[in-house]
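I have a structure I would like to understand better, so I am pasting it below and will then ask my questions one at a time.
The chains carry the letters A, B, C and D, assigned in the order they are written, with residues numbered from 1 in each.
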Amino acid sequence: MKRFTRMAYKNPEEMIFGHAKFPVSQRSNIQFGAGYVVPEVKVAPGEGTEESKEKMVSECRNIAQSACERAVAVGLPAFMLEQEHIFQQTSNPDWTAECTRIQAETLEKYYDEYDIRTALMATSADIREEEKAPGLRDSDLYNKTMESIEASAANGASCVAIETTGGKSVSDYGIARGDPKAILFGIGVLGSIDMEYMWKGIVNICKKYDCRAAGDTDCSQANTAMFLAGGLMDKDCSHTIAALARAMAAARSLVAVECGAVGPLKDCGYENPIIKSISGVPIATEGKNAVCAHSDLMGNLTAAVTDVWSNESVYHRQEMGGTTPEVWLQATGYEAALMNTAIQTGKGETLRDLYTLTDKYRDPQALILAYDNAYRIGEAIVKYGNDPYLRARAAALEAGAIINEAVESKKMYLTRFERDSLDNALKIFEELPSESDQFIDECIRKYSRKVAEFDPKSYGL
Amino acid sequence: MSYEELENEIDQSFVAVRYNVEIEGPAIKPDEDPDVVNILPTDEPYRAIALAVLYEDRDASLTNVKKALDEGVSPIDVINNGLMKGMDAVSLLYTKGFYFLPDLMLAGDGMMEGVKECEQVLGHKSETKGTVVSFVAEGDPHDIGKNLVVMFLRANGYEAIDMGRDVPTADVVEAVKEHKPIFMTGTALMTTTMTVFPKVVKALQKEGLEVPAIGCGGGAVRRDFVESFPMSVYGVEAYHAPKLADAIVKDKKTWKGLRKEYSDIVGEFVSEYS
Amino acid sequence: MKRFTRMAYKNPEEMIFGHAKFPVSQRSNIQFGAGYVVPEVKVAPGEGTEESKEKMVSECRNIAQSACERAVAVGLPAFMLEQEHIFQQTSNPDWTAECTRIQAETLEKYYDEYDIRTALMATSADIREEEKAPGLRDSDLYNKTMESIEASAANGASCVAIETTGGKSVSDYGIARGDPKAILFGIGVLGSIDMEYMWKGIVNICKKYDCRAAGDTDCSQANTAMFLAGGLMDKDCSHTIAALARAMAAARSLVAVECGAVGPLKDCGYENPIIKSISGVPIATEGKNAVCAHSDLMGNLTAAVTDVWSNESVYHRQEMGGTTPEVWLQATGYEAALMNTAIQTGKGETLRDLYTLTDKYRDPQALILAYDNAYRIGEAIVKYGNDPYLRARAAALEAGAIINEAVESKKMYLTRFERDSLDNALKIFEELPSESDQFIDECIRKYSRKVAEFDPKSYGL
Amino acid sequence: MSYEELENEIDQSFVAVRYNVEIEGPAIKPDEDPDVVNILPTDEPYRAIALAVLYEDRDASLTNVKKALDEGVSPIDVINNGLMKGMDAVSLLYTKGFYFLPDLMLAGDGMMEGVKECEQVLGHKSETKGTVVSFVAEGDPHDIGKNLVVMFLRANGYEAIDMGRDVPTADVVEAVKEHKPIFMTGTALMTTTMTVFPKVVKALQKEGLEVPAIGCGGGAVRRDFVESFPMSVYGVEAYHAPKLADAIVKDKKTWKGLRKEYSDIVGEFVSEYS
């Protein structure tokens, strides 16, 4: 496996929405990162649909059908449907097969009839449970997960994705307690190890079918941190710590690409702009049109270098404006249209900069994802590209430096909680060993004791 | 760059596609559509009467009908073999996407004018497929949906009692007593007026009255709400109303059956109902 | 009453979001059209809240409180809450009083605590019923409507609005049947007459309090046409006819300003860009963040010259991302932030043009609202400014000309239905009498017969 | 204009305001807060024990507790007059906005460590306010919310049985039989797992079991759903859990009472509950 030790882009200004160094083509004449932004819609199956395969299949069909109808009604040239599978779908690969087949068929029907470019991303659930022997590897749940991914690939998904959960037990502990070392170990080391294990398998499966290995995002760690960090008034997780977690997540999620994933990288963890700067693959992101799912503090900024613009997730139900697949595809569709207009008129860079500057100083978490800063973190990562631990640490340190510079230049102000937790984390990170093995040994000892669910064997350690 | 210069840079198809224009087939003359040919009567005076409806010509419709009646044609025949055939053709073209709502409304006006003329000769109301009571919920001023429902019902041979908008629940109960409808349609466009529907059902039950089904529809009304009380079925499109009525009349469906087989009954995919 | 016979702006380029020729100030240090865009949120009370005053008051408080919480959590500098009253609130002015009071208090509390600029628009329902004697004027329902407006003004609303329904009986008939004459009579003549009657009273009420007379929008006519027109595939109302209806609505809704309304003009009917070009007052509009309420075909374009950016309306309930007042205020808040960033960086014009060009040729209804075209329609209106009938007709003819030019230059393509109905309407309009009285006489005769609910007495005719 | 030039044009306060920074008051030393002063014991060894918890010092907490136990102080006193007082102060500072979740978690760790030490000397579990069973719904892997709930319950003197995530409904029933909890908390983060809650209730009812209330919370769970079946109350914030438990223990509230008085019981405005 070749690790990234160089940046795909020569400088941050080269990065812009709708354009990736390495565009991806899929069936139904759709491209990602090839000069236009594709809107995406994602809808969570309604309550009760988990009760039977029949209900779930029907639910999946309705979601796809509604999305297609609205796409045509408002004139979207292209869109992607992502279906995130729930436990019952992944643990029953025949559900996966049937749900994927019907969605792929529906999208294809509209492509045939209207020439509308469509794509289906099928995202299996990572149903493995570290605390139940034999843990993350070679368990029955592991096997089901891989079978389900194959069922998606074999039944018409244009691409597959997953949010792997390796390292979560330790990072959960660290996020709740503001323990930077646990977060670094959970994300940078354990997460990266587990991704390598999973993604080699996934890429091999995809090779057998007309299906792309898309990507992975650090939902279980970076997004958890952001979720707990919450709004400006929340008091659960420091926003500076959440910013560092995000930076480390980029070092982790990059592993999918190193294993052969080609994008669009899955949205959710918000680390993708950094990975794009390193790898040049197209990315999905979410922001102001994902308010249905959660509140971030960077609704515009995340659009700056996106290739697929997502709503993250919404209940499947009726709004006054239609069903939610209709309503939210229209929302992301209109934003993508704005970006595509900017591209067409040569104003892409201006819009990108406006998106970025709208939120850059709203919160430290936003700040480090501004494309210039994302690029800097990318550079820090590739400098230590061959060592997952060191590159995650470097990402965090760079993110810290970015925040501190903004504070020094009086462009950003921190609360005491944010200030103290950042100082503390950076101090700890600076003093850590420079050898991966030593760090891992220390952490195994410390967190095996503190975190009941953590099992080094799940990582081959 | 100026606005105009920017405008000239755009390749529209990257931003928005007018699918309605893209997929439009060639124009047809309404009476040449093969399915319409099958419906339209070939013998006069019925053909002329039907064509006047098809061409949405209220005045011609009236003239034709009067002439036929003067000539002694039975008013029942004028209605069934002339006016209704024309309207059937109109409905069909609407379903096929060639005709539009205004066509339906205007053709419906023409048809109703003719029917009235026939009924005057008959001396009583003409036979219909059944009576339906339509109302807009109390406190709600939005009546366009209800107007469409009424139009579609009439165009399909039902007697539709139009109670108007903002109709007190007590009046609805009275209307059921009076008309013993085979179906009822309620329309509400607001969260705070759709709550009238369960009240109507309760009031009917209290009086021991039953209607095979009450179709509850309108902008803010959601299926989950409508299905949280009995006797009701969630109505999606106005043109579904006569199909639901048909299912009651022909197939003896109750509200339970309508709920379960909605998509099949209306003959199309309905995202809330499958 | 002084009619508009000149344009407020010298040319369309002068118009841009966040800036109005005549800005409006309100309590709590908020301004409209004074150099920044204010986001707005609007939430429909939940089912059952109509049952008692207590429930409705509590519902109104919750909506206000949720909105304030989220505004502070994501850092919005300012926002407006609009509460559209339902029948029970307007017909019981004591409900109006109590609901308004608690919302005003809530907003003020946050202003005091956080210095966040807040505003409350209270919109009474027009509960008059033309078909019930004595009709629109001097009826009990009329009196309640006016009392309710006074209750809002007296209990802390920063401004009041209403969507008057004069002329609706006739325009409904016309829209459903594609009868251009009925639409012109309903909107241009009857609507304008009724507005004058209502708005003189409303402006007088507001003068007594620290409350602004905001504006009126042609929900019952132009918006009905747009709603029936629906998406590209719908077959209920021709989109060219809907475009003409919209143009005529501008001539109608302008009457509020002529009577003394100062803005922000209420969103919903989409005619406001035209009125802004004529009158220079700040306007509220809705678009891509109103997908919860309905689907338009101009989600971005309507932002081009907005001053208050609205979500139109949403169910009051929970989303994964919070309650709907939170979620949708965040949505409009983020878009307003983008616009304000553009203003601050001198890129406002670019963003305005991008918004416009994204949708300009998506649909004829969008086309005529592009700010350059809106300005042209404005000019047509002021040319005949003193005659409500003639100016509405002129607006429609100009809109038709704009569409035809776009078709001729191959920038817009129409379907047969759109083409035929436009040709038909323009032909009819061109042949109409040039005297108002003659037109009115003809219409009274024709539509009294065809439209059961229409009562000329309701308009003093 | 370049990105940097654009950036320099912006007056941030027109676009976004960092209200958290704007309204921050002066720093305080935790043990100098007047309300904390009222809570903290003044006599040793309790003060030192409480302060170690307050300062989130797990090691110091353990050392202090061990020392006191060695000196013959009653383990019950160590818990009630030392450890719990420290934790009370921590909770208070969290409520006032001076302390944050990590403070709570770390102080909780320190307190639990001390309690365990005391229980070893005691030879049995210490007296608690009551037992609460906490689980994450079957099929659901999201456990952070549940972990917080457990932490808050323990910090407030409840014995919380942590059943983990993805817990089979049958196991939940067994746990109720075994522990007879005064309250139960269920967490589900998905639309498709919140449906487990009514199943749990049904299963309990089938066995004739009753729990005063089951708090159902978690990301995707909505109040309207939770209130559509009995025995349940919709839980909003993790720190509400002990307050709900208190209302059950002290004021004998049932699920009906908790629903009705939620806002009052948790002592704050809760937008879903008023």
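Keep in mind that, in the parts below, contacts are C-beta pairs under 8 Å (C-beta built on N, C-alpha and C of every residue); 3 or more make two chains touch, one makes a residue touch a chain.
Bear in mind that the values here come from a model prediction, so they are computed numbers and not experimental data.
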Neighbouring chains shared between chain B and chain D, ordered by label: A, C
Reference chain B; chain at largest CA-centroid distance: D
Rounded Å distance, chain A centre to chain B centre (Cα mean): 48
Whole-Å separation of chain centres (CA-atom averages), chain A against chain D: 30
Per-residue multi-chain contacts in chain A, two or more chains: 44, 72, 74-75, 232-233, 315, 320, 337, 340-341, 345, 347, 353-354, 357-359, 362
Per-residue overlap in chain B, given as positions that touch at least 2 other chains: 6, 10, 15-16, 18-19, 220
Topology of the chain contact graph, where touching chains are joined (line, ring, star, complete, other): other
Complete list of chain pairs which touch one another: A-B, A-C, A-D, B-C, C-D
Sites on chain C touched by chain B in the complex: 13, 44-51, 86-88, 127, 129, 131, 165, 172, 176-179, 224, 228, 232-233, 235-238, 315-316, 353-354, 356-363, 372, 411, 413-417, 421
List of chain D residues in touch with chain A within their complex: 3, 6-7, 10, 12, 15-16, 18-21, 24, 27, 94, 97, 99-102, 105-106, 109, 139-141, 143-144, 147-148, 164-166, 190-195, 220, 225
Complex contact set, residues of chain A against chain C: 44, 70, 72-75, 230-234, 287-295, 297, 299-300, 313-315, 319-322, 326-328, 330-331, 334-335, 337-338, 340-342, 345, 347, 350-351, 353-355, 357-359, 362
Interfacial residue positions of chain C with respect to chain D in the complex: 36, 58, 61-62, 65-66, 69, 72, 74-77, 113-116, 317-318, 320, 323, 337, 340-341, 343-347
Touching residues on chain B, where the partner in the complex is chain A: 1, 6, 9-11, 13-19, 22-23, 219-220, 222-224, 269, 271-272, 274
